[in-house]
Amino acid sequence: MRFISHAPSEIEEMLETLSIPGVKSLFDDVPNDVKLARDMNLPRPLSEVELKRELLEISKKNKAADYVNFIGAGAYDHHVPAVVKAMVSRSEFYTSYTPYQAERSQGTLAAIFEYQTMIAKLTGMDVVNASIYDGASSLGEAISMACNIKKKNKVVLSGSIHPEYVATAKTYGFGAEIDVVPSSYTTSYETDWKQVEGLIDGKTAALVISMPNFFGVLEDVKQAQEITRKKGIMLIVSANPVSLGLLKPPSDYGADIVVGEGQPLGNPLNFGGPYLGFMGTKSQFVRRMPGRIVGETVDTDGKRAFVLTLQAREQHIRREKATSNICSNQALNALASTIYLSYLGKKGLNDVAYHSHANARYFIDEAKKSGNVKIINPKVFNEVVVEVGDLDKKYQEALDHKILPGLKLDRFFPKEKNKLMVAFTEKRTKQEIQKLLELLGVS
Amino acid sequence: MQGIPLIFEKTKTGKEGFRLSPLEVPKVDLSETLGEDIVRDEVNLPEVSELDVIRHYTELSRMNFGVDNGFYPLGSCTMKYNPKINEEVAAMPGFTELHPYAPEEISQGTLEVMYDTQNLLAEITGMDNFTLQPAAGAHGELTGILIIKKYLEHKGEKRTKIIVPDSAHGTNPASASHGGFDIIKVKSDSEGLVDIEALKELVNEDVAALMLTNPNTLGLFEKNIFEISKILHEKGALLYYDGANLNAVMGIVRPGDMGFDVVHLNLHKTFSTPHGGGGPGSGAVGVKAFLRDFLPKPLAAQKGQMYYLDYDIPHSIGKIHGFYGNLGVVLKAYAYIKSLGAKGLKEASEIATLNASYLLKKIEDMFEVPEDILFKHEFVVSCNNWKEKFGVRALDVAKRLLDYGFHPPTIYFPLIVDEALMVEPTETESKDTLDAFADALRKIYQEAKEGPDFLKSAPHDTPVRRVDEVKAAREMKLIYEG
Amino acid sequence: MSNIPAELMYTEEHEWISLEENRGKVGITDHAQDSLGDVVYVELPEVGDKIVKGEAFGSVESVKAASDLYAPVSGTVLEINEALNDGPELVNKSPYDDGWMIVVEVEDESELEDLLTPEEYEEQVEGE
């Protein structure tokens, strides 16, 4: 059989050592009426050749994977450099477990330490954990953390947060018995600050905003800072990490916890996962933070080394009193992001953010010249909502040209008919953008 | 002294690795387009060349130890070989370049894999419906617990307690607690199984569920499983299966047939997907039909020839992940199940159990081992006798094993066994490897006899020597500030 | 053999308390610090907080373990040992002196009656 390493004679020897006639004897303690009396009903085993052929055929049914992609909404088509792919393919990284045995896991540990440092620099936070499952679940964890710190049980969400993040936060809230209260957004796709302020009461632990928000718009973050300061609650910011190549870190406007989706940093789209959620906070909250944390130390020879630390917060020690139940996180994706940020470096991340933004601005400026479409709020980073007459027809025409023109907003907000949300990365060419404009009726 | 290198120390002003295509569109004035108040100065990231990056991360990788490097018998983690074809399949651009919001009719490939995997896992476990959304085992546990909570709420019952065995993995009580439940512990009997009498006393109308692995954390089969199931169900409580140990029983028993109502699997254990140094995993959750309407949304579904995402799940707990789960991981598990088929999976479980039993036989004379027990795919021995005779602890044995080129077993778990070594060889290891590991332990036993100091200062031949965890926790240097 | 001073009173959860007038000084025992190992962090309440007998008022962490601190009596926290912030190792080095944790204003001295005597505590420790 595949993946078994014994010669048949060795199995015989092992059975002999155990003085049993066959492997079935090893299950003698399992009552017969519990045992499955038939073979499992599964497809016949495939050879490697067959498997590869079959899966290649299946993969080709994902026709959209070949299309020019203008969809964003939380997952972005940035370039993943060959360097990143090559390094995360080293099996010393990807076939290892969580780095419990520090002496033989320094590669993973040092890389996580680098990751923590880079995310701290991007977000302006003091401490960062080793990653959470994705952007939405990192928000779920953040609201639990804030309620735990404030000993309260309600959080208020801006209405312009990704609707699937809101849904995930509500699910986490259902478990942790936290009242997750979303507000609505304004007609210009911004947070309704007045409404937000009205929703905050004595039970509220935190306000959550997204920057840029779901609609791509840059929020008036000073408002968030003022409201949270005035009300004495925490500010949680969900941020796009690439945008932080250009935008001020959330620490500048008073964030206590910063979370977000790390996918844009070197991870392919993969139909939504595996991605990684990042999370950082101020140092005074470090013991309330969920997830693994790596710290610097020395070995017995006094040489610098790294190790998992502050583990007394975690489930394997504190069990039901742990800050979170998280165990496995998204280490390999965090490694990809670390290598991505190292490779792009100071200039490269800035360039990627700048090009993405400039492409968005080009689209906006060209679209504005035409009366056929309407840009609702142009104050964006790399994604913008455009109102397009007869959108369904134009969307289909774009697909016929192998272009994914964006996300139809009515997928999440039924009242938002004929609204298309278009995302730009550094990968999009001027020609592609012009073609999209043409298909949307902007000539 | 220098020690482990960091990329930040390779930085030289002006070095560049990555270069973008020239900007084709007009330049923008950021203070105008973004606003003066919000534009930042540079981010202090490294400045290194491409080769600097490659050399640095290659060097770091060499300080790691993975399944490809050697034997990794980490108990309860199922560190089996990760077949290379799975990696190749998951890296096909048709899968990796697909956006989660691409129209369904041109995303049929991944939807098909999702739909098929849901059904394959249902057959393997004897459950009716599966969600692939949870991203890891603990995430699956939380999902399962919330499904139970929602179901009870729907029935109008307010049950506040979840029972976990004292031998359980820490994620069980943590997940139940983060689902809003109080935890009660049920003790193990003298054989290491759930104490039936104690369980009977604990189960009442306040209890929502019992969380159990079978075989349990000690590697023993809970042979009274029907009775356990009856005790719970008679009082209206549910039975939750932690799939951490499914690798022992594929094709032999199925959680669904044993009476479990909710299961979570770790695709990164049983179904051969790599652990990635701590994720990504995948914590698929399966339920019996009466719980289908409480699963997170969406599920992959089929209508005629078309696959689609079904959001019509009336009492769904909602979303537990931003998109649909760690599908890159799911693909590898799918490829694995397709490679092995029914007989292959069963054989994997049989050989996993044979390997554990054989290895135990080879080393049992050196440890304290419970008598007359048929362990399954993993076993637990105690180093108590080493501690008493030589002053050597499980930790020292573990560290010394690193010098011999082996990853140590899980240590100090389960908590109910003193000085525990929990060994899970998996089915993919050869007899030669098992023999070599047994020989190494025997040599270490000799070394212990000769005096504890050498073992207490182990490892001697690793990228770093024993690390100072106390210093790390007290000083809390968590980011590079050089 | 762990040190169990004769002049103190003890809880089953390994806290000690000494009483001067109505000021109760609280810490953890030598046995407790020894089983925890190197203490890396002590979480204490704030001055002015009310603590309740038998309930957790803080926690103590080592690298491998974490343990809640249980109040031997009810009352208001008068002082906390600030030195533990930067020197959690004091709990290991000097559990009964420099490693004290809080001083509490004891409201009801009768609450002290069911605490363990040194002999009773010693018996408990030996039985573990």
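Per-chain residue numbering starts at 1, and chain names A, B and C are given in the order in which the chains are listed.
Here is the rule we go by: a residue touches a chain if its C-beta (ideal position, glycine included) is under 8 Å from a C-beta of that chain, and two chains touch if they have at least 3 such contacts.
It should be emphasised that the depicted structure is a prediction, and the values quoted were computed from it without experimental measurement.
Put simply, the chain nearest the middle, going by average C-alpha positions, is B. When the interfaces A-C and A-B are ranked by C-beta pairs in contact, the top one is A-B. In this assembly, the C-alpha centroid of chain B lies 38 Å from the C-alpha centroid of chain C. Note: centroid distance chain A to chain C, computed from Cα atoms, is 43 Å. For this pair, chain A with chain B, the centres built from the Cα atoms lie 20 Å apart. The set of chain B residues touching two or more other chains comprises 469, 473. Residue positions 40-41, 61, 63-64 of chain C each touch two or more of the other chains. The set of chain A residues touching two or more other chains comprises 317-318, 321. Of all residues in chain C, only 38, 40-41, 61, 63-64, 88-89 touch chain B in the complex they form.
Touching chain C in their complex are the following residues of chain A: 287, 311-313, 317-318, 321. Interface of chain B with chain C (complex): residues 412, 469-470, 473-474. Of all residues in chain C, only 40-41, 43, 61-66, 68 touch chain A in the complex they form.
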